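What follows is a group of structures, each given as structure tokens.
Heads up, the next two complexes both have subunit A, just with different partners, subunit B and then subunit C.
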Partner chain A sequence: MIKVYKELDDILLVKLDIKEASLENGDAFKAEVIKLFEKQQKSIAIDMSSVEYIDSSFLGSIVSVFKHLISFKSELVLVGLSKDITNLFALTRLDKVFKIYNNFDEISK
Partner chain B sequence: MAIHKPKQILLVDDDQLFLKLIEQVFKKSGFVCTRAPSAEAAIEILEKGGEMPDLILSDYEMLKMNGFEFRRYLMNDTKFQDIPFVFLTFFSDKDLMEKGLDLQAIDYVIKDTPINVIVSKVNNILFTVDKQRELSENEVKKAAKSLNIKSIPVKSPHIESFKVDFWHQAYHDIPGGDFIDFIKVNDRYHFIVLGDIMGKKWMAWFFTFGFLSYVRSAVRFAAFNNEYSTSKILQQVNAIICFDEVLKDILSSLSLLLIDSETNKITYSGAGDLPLLHYSLEADELNMVSSSGLLLGLFEEGNYSEKEIQLKQGDRLFIFTDGMIDFIDATGKKSDYNQFLKTLKPFMEKENNFTDIASKLFNNNLNEQVDDRSIISIYKN
Partner chain C sequence: MAEPVSKQFLLPNSRQSIKSSVEELLDFIVKQLPDHVNKEAISFKIEVILIELLTNGIKHAGTKETFLDITVSEKNIHIDKKDFGNRYQPGNITSLLIYDPGYRELLTKDGLHSMYAVVESDTQIKFVCEEMDDDTPLDVGNLMEHFGLLIITKASDSFTYEYDIAKGLNTFSVFIEL
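Then we have the complex of A and B:
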């Protein structure tokens, strides 16, 4: 479900390859990202540009991974959110919680 | 009302011709099929995430990983072990069959069985699996009923000068993560609670009681101390949840409102909830009422603020969970707050009665439901 795109010194850039992010794949997503973090021990940026819909269960999984990473003083950064998902983050104040970028280039700079 | 989606089946066989043939017949019978030319390819499809198939029909004899090894792989993974699995084989070897059934395969189909018979067999298996699931769910529903635990009230409260109504629909008819409560402190003060645990179905439903208990306790303690502050109550609930070993990894949104029937003032605080909608009769406008608080359980400091809302006669306030703003159109599922607002607006001019709005607007079949849906309406008489 997630593929490492590039490894930088302090952050891993990964792509999430799903269209619908929901209850069906939330647990698997969480397990994969945490496994990757345990191996690499660095912050993770996830490109979500292929995700068109996200439900609250999957949002819960993202937030849960975020909490896990901060407890190890690392970060979970989100990249390439669609307009609808950006709106949903703003409406529920999650935009104040996550660092959100338009693309990987903005992080590398 | 349960929604019947077409059943998804994953067909695994290294005989490409047979795979295509069987796919055609299953498709004709209304199945959504995914083909995998090997066990390895099937694993790749499953590991990719997405929706899980309702059943896997797999050949036994395949190059590299055979059907038994494939089944064993799935059994070792909690994500896949419960997907009904049926073996396809050319052999009618008794030992082989026993070995397959030891791996908890539901059944066995000999490959030279006419394909339409295979389809009927699969249909029967899926019917039995659904029936079994329904029975288990009914058992849990019965147990919950006998314990008299409810995450959704039976009726709306009576509050002087206001008319409070609610509408709730569980996802696939299974209780989920949405919860509603009306807490009467005395004739003057009433609290209204709407929450949404992030998750669905039973798992989320079980946690609603933990959250509800904390909210009820915090409200009661505040009332004992004569402290009618919704933001302080939310802050307290959040602090307790952040320390609760069971609930700290569970997140929930919450809208908490306090109605003061003496001053007609409504106080509102929200935790990661969607902005409320306030319909002003005078201006004939639906406007958002936002709060600043974060989801319960996210950080110890949730930044909960308080907003005062004054409803004039004929005004209405809507509080709702995110299932209400989910839609499905030709391009797929989406969450669209503004579309919900636009759909709701015309009803404000025409309808005074919430039941009419609910039956005309929310019960329609225009959008397939994708989550629990709950909405509370507060109307000022």
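Then we have the complex of A and C:
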């Protein structure tokens, strides 16, 4: 579900390879990202540009992963959100919590 | 003024069918929208509400099917999601009969929002969401992880839950002003 795209000094750039982010795969997403973090011990940036559909369950999984990484002084950063997902983050005010970038280049600069 | 258009949908309560069900319902609603409506803006709200109503049903109702009654008029969209499954319990409220109208039960609270169930009658509650001030210190570790009710409440103009004891019927009702 997640694939490491590039490893920088302080952050891993990861691509989320699903179209539907839902109740169906939220727990698996959480488990995969936390496993990757425990192995690498770095902040993680997730490119979600392939995600066309998201529900509250998956949103909860993202927040849960975010809280886990924060507790280890690391970060979960989001990249490439579609217009609807950006709107959903604004509606839930999670856009005030997460660092959100348009693409990986903005992080690498 | 055009007459309101209503339709009832009987949908499977399964994870795999949510996306196709949402597409079918959204297509029906958008086709009925009056010309004065900003279809793109309202479609986002309708879509997230439908996703969360159906997801909530799968998580909590425990039934194989759910009913959606949809009415679109010149002034609003009304969606009733009905099932005969498990009764919804708002917070610690086990019976609405013992609370006066206006009683507010805190459901969730974090540095961004407080969510309440407000008793409207002995069979109905209304969901209310309050945004916290931007100056409120944000304890990230305390962020809520359940967003379904919050999303429906914030995307709609009214969101209520009613339980018909005699029929064992749960009804979640959403109004969106146009």
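We take it that the second predicted complex is superposed on the first by the 109 of 109 C-alpha atoms of A that agree within 3 Å, B and C clash if a C-alpha of one lies under 4 Å from a C-alpha of the other, contacts with A are read in each partner's own complex, and residues count from 1 in each chain.
Here is the rule we go by: a residue touches a chain if its C-beta (ideal position, glycine included) is under 8 Å from a C-beta of that chain, and two chains touch if they have at least 3 such contacts.
A quick note: this is a predicted structure, and the numbers were derived from the prediction, not measured.
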item: Side-by-side fit of subunit B and subunit C on subunit A, or clash; value: clash
item: Touching partner for A:S49 - first (subunit B), second (subunit C), both, neither; value: neither
item: Subunit B versus subunit C as contact partner of A:S71, first or second or both or neither; value: second
item: First, second, both or neither for A:D17, with subunit B first and subunit C second; value: first
item: Subunit B versus subunit C as contact partner of A:M1, first or second or both or neither; value: first
item: Partner contacting more residues of subunit A (subunit B vs subunit C); value: B
item: Which superposed partner A:T92 touches (first subunit B, second subunit C, both, neither); value: both
item: Which superposed partner A:D84 touches (first subunit B, second subunit C, both, neither); value: both
item: Subunit B versus subunit C as contact partner of A:F29, first or second or both or neither; value: first
item: Touching partner for A:Q40 - first (subunit B), second (subunit C), both, neither; value: neither
item: Subunit A residues contacted in one complex by subunit B, in the other by subunit C; value: 20, 22-24, 53, 55-57, 59-60, 63-64, 67, 84, 87-88, 91-94, 96-97
item: Residue ranges of subunit A in contact with subunit B within the complex; value: 1, 17-20, 22-25, 27-29, 52-57, 59-60, 63-64, 67, 84-85, 87-88, 91-94, 96-97
item: Complex contacts: residues of subunit B adjacent to subunit A; value: 47-52, 79, 177, 196, 198-201, 204, 249-251, 253, 272-275, 290, 292-295, 298-299, 322, 326, 331-337, 370-371
item: Subunit C residues touching subunit A - in the complex, by the definition given at the top; value: 15-16, 18-19, 44, 47-48, 51-52, 55, 58-59, 112-113, 131, 134, 138, 140-141, 143-148, 150-151, 154-155
item: Sites on subunit A touched by subunit C in the complex; value: 20, 22-24, 53, 55-57, 59-61, 63-64, 66-67, 70-71, 84, 87-88, 91-94, 96-97
